[in-house]
């Protein structure tokens, strides 16, 4: 009996122990050694990824509070891997911070919140996980207190996410009022799609759209991404967004399964608007972080389109895309982080003629941008292909055509940066930068991920087989 | 009798909630919010949830209102600093809010039957549901996991707030003499 | 003994007693203001309507920005206020639920206690 709880909650227990250990270390004023701490965290994260693949039992714990199955464990492994890369890419910046331990502790607690969130079988659990994943992030976004922009980012993040949470709760209260329960199972059987429930559902979807920055609710994204430290920006754009997408799927398919005639048009509308607007704004950005922010907005649109497909296929394509997206986006962010740390700038001008001085970094960024744009050799192509084919399989051809046209448009701005790096003359002289060991690890993992995942079809099949149990 | 009290409290809570937004001085807003919380607490009493009503008064009307007052004091809101919103923004906000209200009314139209049909099955609302014993029992068995997560949430929020608040070692202590 | 006496004189009225109490409180507060309004002589002056500051004349605006340190106190207080809210139902059901509830609350309190120790170490509890 107790065993079952320990094995079901093993990743969460592991993370909690790590968080508490870090804080105890801080309180007891054990001599701080950033490299030692990083090693400890890395060992914990990698072994958590390892144990997430062991013994995949599925079922419920604590009534219907906590759900676990092999797909959820795989999603957690993706998030853990993303967090690991974020630690690697941000370490050079982190170790200079006076509050390094707090930084790690808060980052890991958001990860813990996300793990609980994607395992939730109940809106109460979901909401608590969401808050645990959001509140420390606001503190992290304003971590760089010397920078005014960083404080502004934290403030904007906490205000907009508090607003989104309020709307989400408002929606949940309508669902609770008409079905008499917050458990996904009970809602699934009691829901009948009347007007009140539709209104509640739209409120809940709005809360999600805030979190994944889908378009009418994306206003916070660019400012927060620009002001926050690069490590946090990359974490927000990949891990945080991934967790929200992962939990959106069971909420839609499971709890609101009977309301598919309501949610599919809403999702298609949201995704089309998101893709178009994200593209248009990405075209005219001068700052690299803002550019990547709008690029992630666009990617969220493709993810939403993928969700509209048939359950198993859509689930598999979304998880697969997230797996690739983590490596592509974090690869790009690693390069941005290295350049920003060394030159102190993040406008696009820095990248002009980068190939002449730093060929390796340029190649990595090229690979990452190819993957984000969906150009065939990189894995991103397969990710988008599966997302679109999932939507096409369900018969939403118009949306798929709009998305494909926008993929072509997006080539323009992704390739524009590639052109700047390889063709243009340098604007400022950058000496040959030598990435630190941690950054090299991050670059290496991302490149491997982008190159390898696309060429091994077994990975998609593995995810597809897992997703049968979504 | 019961329903007239309900309507009275509902009116009070909606009216004071509106006054929170409409009143000019932030201090007045906070005080109106206190009345809103009291009227909602009274609604809880009507639902036999006396403990929750007490908690609402203690935590929200007590502690959180103090925090709100602190925020008002921290922000140093003066008339000159107050940003003047453009008329178009007000207009757009009015239209958006109005549409939301119309949608809400449309959605709730005829919801009486919905409530009857969904809740009648388990409408036998036991008088003991809201008591503190039942609350405690379900909190420490069914809702155990959310309960423990909330402690980690408090911990993370506290750590974040403390290091953000304590960071500025050289924060200028503003006093009346300096101004 | 005392409760028995009270019980005999005051019947258990449920929530009506709460309303009665609030009503009495309201009368007490409003009455005090009314009586002072009626009894006191009315002599307004400029000095009287100024904010009180140790008897010295006020300098500058009376609305000054607070130090953020005060906010931290209030925030930490709030966390433990919420903790007490959880402790109350626990205390009620402890006998019934036995050792499990005890272990559960120990975990909860010790996690929060760690936060308090952290705030202490950081000097957040020092009066600014």
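Here the chain labels run A, B and C in written order, and each chain numbers its own residues starting at 1.
The rule we apply is simple: contacts are C-beta pairs under 8 Å (C-beta built on N, C-alpha and C of every residue); 3 or more make two chains touch, one makes a residue touch a chain.
For clarity, every value in this text was computed on a predicted model and none was experimentally measured.
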item: Nearest-to-centre chain - CA centroid comparison; value: A
item: Most distant chain from subunit A, judged by the mean position of its C-alpha atoms; value: C
item: Gap in Å, rounded to a whole number, between the CA centres of subunit B and subunit A; value: 30
item: Distance between the centres, which are taken as Cα means, of subunit C and subunit B, whole angstrom; value: 18
item: Cα-centroid distance, subunit A relative to subunit C, in whole angstrom; value: 42
item: Multi-chain contact residues (two or more partners), subunit B; value: 144, 152, 155, 157, 159, 161, 163, 168
item: Residue numbers of subunit C (touch at least two other chains); value: 111, 114-115, 118
item: In subunit A, residues with contacts to at least two other chains; value: 23
item: In the complex with subunit C, residue positions of subunit A that touch it; value: 20, 23-24, 26-27, 29
item: Subunit C - residues contacting subunit A, complex; value: 111, 114-115, 117-118, 121
item: Complex contacts: residues of subunit B adjacent to subunit A; value: 103-104, 106-111, 114-115, 118-119, 122, 142-146, 149-150, 152-153, 155-157, 159-161, 163-164, 167-168
item: Footprint of subunit C on subunit B - complex, ascending; value: 45, 50-51, 55, 58-59, 62-64, 66-67, 70-71, 73-78, 132-133, 135-137, 139-141, 144, 147-148, 151-152, 154-155, 157-159, 161-163, 165-166, 168, 171, 173-177, 179
item: Complex contacts: residues of subunit A adjacent to subunit B; value: 16, 19, 23, 61-63, 65-66, 99, 102, 105-106, 109-110, 112-113, 116, 124-125, 128-129, 131-132, 135-136, 138-140, 142, 145, 154, 177-180, 190, 194-196, 198-199
